[in-house]
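Structures are listed in the sections that come next.
Below are two complexes that have chain A in common, paired first with chain B and then with chain C.
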Partner chain A sequence: MSDDAVAGDRSAAADREAATERAVRESYDRHTTVIARTVVRVVVPIILVTAVGLLLQGHNRPGGGFIGAVLTATAFVLVYVIFGMEYLQDDFLGLRAADGGSHAAVEYYRWLFAAGLALAAGSGMAPLIAGLPFLTQAVLFLHHIPLYGEFELASAFAFDLGVYLTVVGGLLTVLGEVGSE
Partner chain B sequence: MTGQIVIAPMLVALSTAILALLARFDGRVEKAVSLVGAGGYAVAVAALFDAVVLAPGGPTTLTYGVSDWQAPFGIVLVADALSAFMLALAAPVVVAAAVYSVVSVDERGQRLSYHPLFHFMVLGVSGAFLTGDVFNLFVWFEVMLMSSYVLVLFYSGREHTRAALGYVVLNLLASALMLVAIGGLYATTGTLNMADMARRLADPAAYGVAVAPTLGLGALLLSVFAVKAGTVPFHFWVPSAYRAAPAPVTAVLAGVVKKVGVYAVIRLFFTVFGGAAYASTSTFAYVGPVLMLLAGASIILGGVGAAGREDVDGLLAFSSIGQVGFIVLPLGAAMTVPAATTTLAGAETMLAVLGVTAALVYSLTHALAKPLLFLASGTIRSALGTTDFAQLGGLARRTPLLAGGFLLGSLALVGVPPILGFFGKLLVFRTVAEGIAAGMPAGALAAATMLVGAILTIAYVTRGWNQVFWGEPTERVQQLIPVRWGRSRFAGDGDAGSSSIAPDGGPSTVTDRALVVQVAVVVALALGLVGLGVGAEVVVDAATDAAHAATGTDAYVEAVAPVDPGAEYSPSHAAGAANASDGSHSLDASAAVDGGER
Partner chain C sequence: MTEASALGGVLPLVLQGALVLSAVLTLAVGYRVITGPTTPDRVVALDVIGTNVVAIAALYAMIRGLGLFLDVALVLAIIGFISTVTVARYVTEGDIIE
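After this line comes the complex of A and B, so read on.
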């Protein structure tokens, strides 16, 4: 598609659409205060880093895929509540709304869910090739890594990551579906 | 570790569900995945059955420590003859329902993840049959139920929402009770592993277990399983849920999911609590009369309810309440007189063995006949848009094959030889008769209930057949199926294709080819019923093996061989040190499956 065609498309219908969207977003903005928006800007990255931290240490300390995913979903919820449903998918993920006005990001969340399940189940089935029972885990310690020192490479992390993706995908699918209704 | 075969059915179902989820971009690919997965499931179950029941030197018990943890620290899967029998009962229903689903579920249904949910339900069923861990049993119940919640709500009309709400609320309540009971059992016995629990209950003094609370906890579990099996005081979710769900889902719910409740009763009360040394009598003596009461009430209420229905689906739903009564009755009878013995296949055994054999053979009959009837009813609905008696009639002339299948399924419920149903009913009657001979209390009442139930079965089955298949074709039938199925296509008559109506009343997309497949599935199940009836000896032998496995607590404990935490523990096993992390480790794995269902 040529640039002209894209521009033509955008100028006609999309302008009107953008105007509606702006109106919607402004209506959201009116409901949330500057304080809330500023706090969320600061807090969301912290939540996400904490979530990843919990995910990474989950296989031998408190944490894990599930709780990391719930925390990640909380960050998304904050963004949804403070900035509105459309902010995330339009400005952040760069998606256009799907036909019928449903929440376009939900389709991606569904994929996340399926991919996470596949990863978790796949990591469980990998030991079968070696003749070990389903879900058998192994661990490898790497020494003398620059800056880091000792590093623990645990196969349980693959499973945890699968759980993480599944739960993030599942929770956000529910939020997206319920939120857009 | 050899023996990967034990987990094979579960892995096939899990992989199929995930692949179907990933294949959602193309409906045809998703259908193909679902079909291949169902076939693979049947192959895996057949291989497991072969390895367990048909093993050289008689039936054996295979165990599988998931994640290489040893019992009782990790979750152990145990495939004995009982588990293998139940899986073999599930597999044909799964295959039939999957084939039927592929032609009957439309595009919109597929977008609602029908096929992944279907296979997650199969995964839950298989897990429940195979697990050797009480808490894990709860997890698989949940996997199975969460999928079925969505599938019952599938058409999402007002009536369906109401039906699903009753189903969901009752089952969530039951799940909560089950969790409480399992927590109590853990607090009392100090273990969740079934074999370990059985060992501790058999010798409570040695392990410092107070057995008194387990009676109450067992009663709580019994009521939960009664909810799942749909027996009388907890039957009220059955008719509305069965009518609301799509036909293949109802087939699996009635054929297999109900049997999970029956299986759980057999496994926990015969295998785990069966060996328990209670004050002076066995646990059976407490549970038996309760089970018999539930069974008797189910038989009468299901029979009367079915005889009064004005539509095929309602008749079949009430009928399955009554039929579960027939399955539970021999279990109760055998429990009531725990000391009684009988001769089975030339050897003297406990009456419990005969009771479980009867329950299993009857379960198999019901697991084939009821899906057959529900699928036949679904075919009628997809061709005519209704299953009301008032709108139906004379279908035998239009669809002789479907009518034949329906007739065989009905006769299986009645128990006419040479169909398998005859042998099921014979064994049930024999168990009760021998129970009476052994001095079972209220034996005459039980026998009378059974007779009345059998007569009611004949009554409602005859009524259903007369209303739907005999008589003159009604106006609706004349209009929608003007000539015999099969004629129109070969005559090249273009507009004779079925102009049918979807369950929600809108225009249906069901094609002639889809109807042919649906009828073929029904006929295949009917032939299976007759075939198993002719080869009933094999079935009864397999059921007897399963019953021996179910009642043989000692052999079960020996096969699982849980490590005794009190005794010295050799860290040579891959499990390593046995500490508190064992529990969280294995629970995490099940929580992941649970979480994935959300």
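After this line comes the complex of A and C, so read on.
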């Protein structure tokens, strides 16, 4: 009789452990289909490459820091919507969830925002050292680069990169804070 | 020469016709957006409008020979895809991000 009770307790505990394990595993892919997860896995790298391409061509063709940042945030939104909030910070970034249930990755997004603002403002201030007006831009053409030929090194790219980091940080901060509520 | 010139004469006409067709279809779908009985009707109609705008941008790029409108089409297609995924998630679950 007592043996049965002990065995029942043990099996109940094992059941509970298995249930929590299953819950943890299913919290990543709850309510999303295999189709959505597979499509997102394929599409997110394409979106990120498009975003970087728009960022790099931004200083003399359509594109630039803002739209590249919006597309990057779009890729993150897709990951958040399909895989859930925990997937990115636990499995991908290796962060533990902060106490109080807030999103731990938001701290890093805030730093991204600050770094972008500093970079954009700093690239605007840099010409002042040489006695030129605020936000003066210059361009340098490098010739005979292997595999590439001529490469255009524009100082406007530093400002674009600052805008990119600022917008990515801002949008992802809003997303993380609102999404974790 | 005759084939190339014939095609050169037909292609702008086809492109213009496709442009007019896409514009008229966008207007027609606007009716479904306004008077759609349910939310999924409106979502699908808005998705059709987004796809039509992508088509219009691509057709305009072909007519004018400007590659930059293809960037517009690409970004619009990406935004349309994610908006459709998000709204579908909202309609089925009621909660977008978990």
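The rule we apply is simple: the second predicted complex is superposed on the first by the 154 of 181 C-alpha atoms of A that agree within 3 Å, B and C clash if a C-alpha of one lies under 4 Å from a C-alpha of the other, contacts with A are read in each partner's own complex, and residues count from 1 in each chain.
As a convention for this text, contacts are C-beta pairs under 8 Å (C-beta built on N, C-alpha and C of every residue); 3 or more make two chains touch, one makes a residue touch a chain.
Note that the coordinates shown come from a computational prediction; the quantities given were computed from them, not determined experimentally.
Using the contact criterion defined above for the overlaid structures, shared-chain residue A:A36 touches chain C, although it does not reach chain B.
In the overlay built on the shared chain, the residue A:L54 is in contact with chain C alone; chain B does not reach it.
Looking at the shared chain after the overlay, A:T136 reaches chain B, while chain C stays out of its contact range. When the shared chain is aligned, chain C comes close enough to touch A:M85, but chain B does not. When the two complexes are overlaid on their common chain A, residue A:G149 makes contact with neither chain B nor chain C. Considering which of chain B and chain C touches more of chain A, the answer is B. Touch criterion met: A:F66 reaches chain B, while chain C stays clear of it. In the superposed model, A:A121 lies in contact with chain B only, and not with chain C. Taken together, the two complexes place no residue of chain A in contact with both chain B and chain C. On the side of chain B, the complex with chain A involves touching residues 1-2, 4, 7, 11, 14-15, 18, 21-22, 24, 64-68, 574, 588-589, 591-592, 595-596, 598. Listed in rising order, the residues of chain A touching chain B in the complex are 64-66, 110, 113-118, 120-121, 124-125, 128, 131-137, 159, 162-163, 166-167, 170-171, 174.
Listing the residues of chain A that touch chain C in their complex gives 27, 30-31, 36, 43, 47, 50, 54, 61-63, 67, 71, 74, 77-78, 80-82, 84-85, 175, 179-180. Residues 68, 71-72, 74-75, 78-79, 81-82, 85-86, 89, 92-93, 96-98 of chain C are the ones that touch chain A when the two sit in their complex.
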